[in-house]
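In the two complexes that follow, chain A is the common piece, with chain B as its partner first and chain C second.
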Partner chain A sequence: MNIFTRLQTIDRRVLYLLIALVITVPLLVRPGRHPRVKFNEVRNAYKTISNVPKDKLVIISITWGPGTTAENGPQTEVMMRHLFQRGVKFAVVSWDQAGNELSYEIGKKLEKEMGKKYGVDWVHLGYRVYYPQVVFRGMAQNFQKVMEYDKFHTPLSKLPAVSGVKTSKDIGAVIEITPSGTLELWIAYFNGPYRIPLIYCPTAVMAAEAYPYIDSGQINGMLNGVIGAAQYEALIGMQNAKTDAAATSWALSAAHIFIILLIVVGNLGYLATKRAARGGNGGGR
Partner chain B sequence: MVTWIAKNAPAITIWCAALSTFAIYSVLYAENRFYRFFEHIFIGLATGYGVYATWAQILGPKWWDPMVKQGQWYWAFAAVVGSMFYFMYSRKHAWISRVIFGLFMGLAAGGMFREFYELYFPQIGSSMKPIAGHGMSVWDSLNVVVFYVILLACMSYFFFSFDHKNAATKKTAAAGRWFLMIGFGAIFGATVMGRMTLFIGRFNFLINDWGPQVKIAWATLPFKIVIGLAVVWLIVALIRRTKPPKAKIAIEE
Partner chain C sequence: MGQSLHHIWTWLAMPRHGLALAVFIIGALGIGALFLGILCSVPARFRKGIVMAVTFIGGLYLSLEFLVPYKNVHTGKYPLTEVMPTVANLEIVIGCFALLLGIWNLFQIHGKTLMKFGKDWYNSAIFFLTFFSIAILGFLRDKGVHGTPEMFSILFSGFLLSLQSTTFSLIAFYIVSAAYRAFRIRSAEAGFMMVAATIIMLALVPVGALLTAWLPETGFLSAFRLERIGYWILTSPNMAAQRAIAFGVAVGALATGLRIWLSLERGSFFDRQL
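Right after this comes the complex of A and B.
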């Protein structure tokens, strides 16, 4: 068995181990440098949030759970951080039971770090049943009646951040953070009919399908997975901060280079074996 | 005991999460009971937490409390309507469930009209791009030409009303298939990136959250003994797994 045949029969467990080793280095080193390239959709997301008037509320919609924390977690954190920086009030609403707690934890962490106050600068509306046809339209027409109370059952009228929000006219933007195909429902029932800017933060798996909506202007900006979050962090002045998004983007680049190398080596092995077999059978045409 | 748990709750949480991560990733080596056990724990936890969250955040404050504590008795009808779904398990009374299913199907079908209009009409409009003028540079024009070539090629691939016998339609459809394959390739590449990110996320947790906890625990003797025993058990398990089974000699009469 020559080297090329061996290359094609490497145990998949060895490959898993090698990939684990490749990604371990950037995670241990944790470089702070963020990606220098910023996608247009990330820049547009930044511009959209930067242009939201301070008297309007931004809704952060959470559809993610523990399974996609690695991607959606940094996206949630960077969007909340930018809103806190700007002093724009926001309400988090979770359509996922576990995402309800995870997003609240992120909000609490940032609130402490940035000296903000719950109820005044932001609120968490808790977990809500995902029935967009009814809830989204209701929220746009009578926000107070449909959302009614926050995560801790405090009436919205007692929370200064949202007490003045009556209809869609008081909402400045929606940020949808999701690993699922929920984008279409926001466009159809909320952002489309009421002309409210929409920022889409999907996992990388979902991102490719969203580009037609960016092209048509139905989405105002997008954060493509954790790379989008790292680019956005650089835009809000965190280009040298040692964050999870930055470390993950380095680990991701290392893993991609390694996978490309494996594909090349595997194909070289395949071609060499094929050529050798042809030679053994009498050689060529 | 309770005080000790409360005091060490963050560390216990991290250790449980690390153990669960190792258990779930152990399937990468081979299917095993450790993995199966934790898989069942995960399903049980998710279901249990789901029931709690639905009651605490939705059914309690929105249905039970108004009905029982605020005298809004008419909310009882919601339970009657909701229970209609369960008649699907009865052959005799299945028609009752069809009433409520029909209602929801009608609602969804009505919603689809709106969804179609809001989703696709703006896209049809944005597909009609000007090729030149409007302050467009040469590169912008080239971009639009590429867009039109790909749009028309992909659309021609989906003309199933007639055979693609004509050379022009045949080649355009073939080009459309290539463009679609490139698109699917991009989606697959993004999928690899997404899955890798999730793996990196878990590794990040193990290195940067669990790692410091291991350093603290390593200072204690019981931990060293437990780790030593675990390593011995792992080595024995691996040796037993790789050892070839004894050949059975068939005795024929």
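Right after this comes the complex of A and C.
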């Protein structure tokens, strides 16, 4: 087997070991340096949240679970952190059973770190069965009647953060954090009809689909995967903090470069083998 | 008449606790079972008609509410939209029944395997063990029973979250292997795709910006910075393609929605004896 054939047939176990190393090392080293470049959609998300009036509620919609924690977790954390920093009240609602617990843990961690209080500065509305179209419309008409209780079955009327929220007019923005295509539902049934700003936080693989909606103004800002979260962290003054988002953005950098190198190596082998085969056949026609 | 209905609804929707709540839950389940029993005893051709009528009325309400917001001149309100919160609650309840259906289905499949000691019966045993332990511990934790939060955390964070994250993260290994083996420049189109993919992969991560950081931030040459080229690919060619896909999907969804609403859809339960 010559070198060109070998370049095309690296054992997959070697590849698995290498990618594990490439991803793990930055996550263990945890560099604090955040991306220098900030995408326009991330800046717009920051501006949108910065402009939400303090007497209005922000809804954080959670559709993610453990599978995408690496991307959606830092997004959730940075959005909650910014809202806590600004003193804007927010309500988290989860459409995923596991995301229900995960988002609550993130909220509790930040609440402790930033000296906030559950029920006063934020609430968690718990897990809701995923039938959003009608729920969105109902929530816009009568928030108290459709949501009724928080995660612990406390009536919303007893929680100062949300007791005054009656209709869509009391909602300042929606932040949709998701690994799936739930964006159109918010646009069609909530943010579009009631003119409420929408921030979209998808996994990077879903972000490409959202650009037409950014262009049309139906999305006010977007955090493009964990890189978007890292850029947002830099915008709220955490440019040198050793966060999960920063570490992951460097792990992704290393992984992307590794994949590109593998593609190049594979193609070099492929082209060389092709050329050798032509040479063996008398240089082709 | 309207007021009486309103009173009945208010009485039904009142929050209840303890024995009253238990009586209401059992009563609701009994009425539900009675309704299903009556529906099952109706001849098949009428039953199909009932399902079709309910589907049509449900779809009609949602379409009219969304498309024709009729405003009452006396009250200044939208009558159809006014009842939307109630419809939303009804739909949440129906959604919960779908959850029950899923659980029932899992119980049937794993129960049969376990009873017969069929192939991989131990997986079914593990299903029942984990299902009941996490459910019971979750209820006990919510009731504030001492020690249960820690045990629940072991099951939830230690097992469920780790297993789901591990399963999903396996994709990274397959992507690497697939990209290396399948991404060959066999044609001009494949070459274009590889160049675009490489630029996007670099543009979206911090290292991409570092690679072309030597280029000026403004002026003509700034257009050649990797993050700018990547952004152009995402916001121009990608956006055009995404719009075309979105239009196609929307037309397809409209056609499918109409077929379901008017009960024209073949397959599912309409072709079978109900």
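The rule is short, and it goes like this: the second predicted complex is superposed on the first by the 285 of 285 C-alpha atoms of A that agree within 3 Å, B and C clash if a C-alpha of one lies under 4 Å from a C-alpha of the other, contacts with A are read in each partner's own complex, and residues count from 1 in each chain.
Here is the rule we use: a contact is a pair of C-beta atoms (placed from the backbone, for glycine too) under 8 Å apart; a residue touches a chain by one contact, two chains touch by 3 or more.
All values reported here derive from a predicted model rather than from experimental measurement.
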item: Fit or clash - chain C, chain B, common chain A; value: clash
item: Touched partner set for A:92, first chain B, second chain C, both or neither; value: neither
item: First (chain B), second (chain C), both or neither touched by A:260; value: second
item: First, second, both or neither for A:27, with chain B first and chain C second; value: first
item: First (chain B), second (chain C), both or neither touched by A:36; value: second
item: Touched partner set for A:49, first chain B, second chain C, both or neither; value: neither
item: Chain B versus chain C as contact partner of A:141, first or second or both or neither; value: second
item: Which of chain B and chain C A:217 touches, first, second, both or neither; value: first
item: Which of chain B and chain C A:16 touches, first, second, both or neither; value: both
item: Touched partner set for A:83, first chain B, second chain C, both or neither; value: neither
item: Contact residues of chain A, present in both the chain B and the chain C interface; value: 16, 19-20, 23, 67-70, 98, 128-129, 133, 204, 208-209, 212, 215, 224-225, 227, 252, 255-256, 259
item: Partner chain B, residues of chain A touching it in the complex; value: 13, 16, 19-20, 23-24, 27-28, 30, 67-71, 73, 97-98, 100, 126-129, 133, 149, 151, 153, 184-185, 187-189, 192-193, 203-209, 212-213, 215-218, 224-227, 244, 247-248, 251-252, 255-256, 259
item: Interfacial residue positions of chain A with respect to chain C in the complex; value: 10, 12, 15-16, 19-20, 23, 33-37, 39-40, 65-70, 98, 101-102, 128-131, 133-135, 137-139, 141-142, 145-146, 152, 155, 204, 208-209, 211-212, 215, 224-225, 227, 230, 249-250, 252-260, 262-263, 265-267, 270-271
item: Touch list for chain B against partner chain A, complex; value: 28-29, 46, 49-50, 53-54, 57-58, 61, 107-108, 111, 114-115, 118-119, 122-123, 125-126, 183, 186-187, 190-204, 207-208
item: Sites on chain C touched by chain A in the complex; value: 15, 62, 65-66, 81-82, 84-89, 91-92, 94-96, 98-99, 142, 156, 160-162, 164-165, 167-169, 172-173, 175-177, 179-181, 183-185, 194, 198, 201-202, 204-210, 213, 227, 231, 234-235, 238-239, 242-243, 245-246
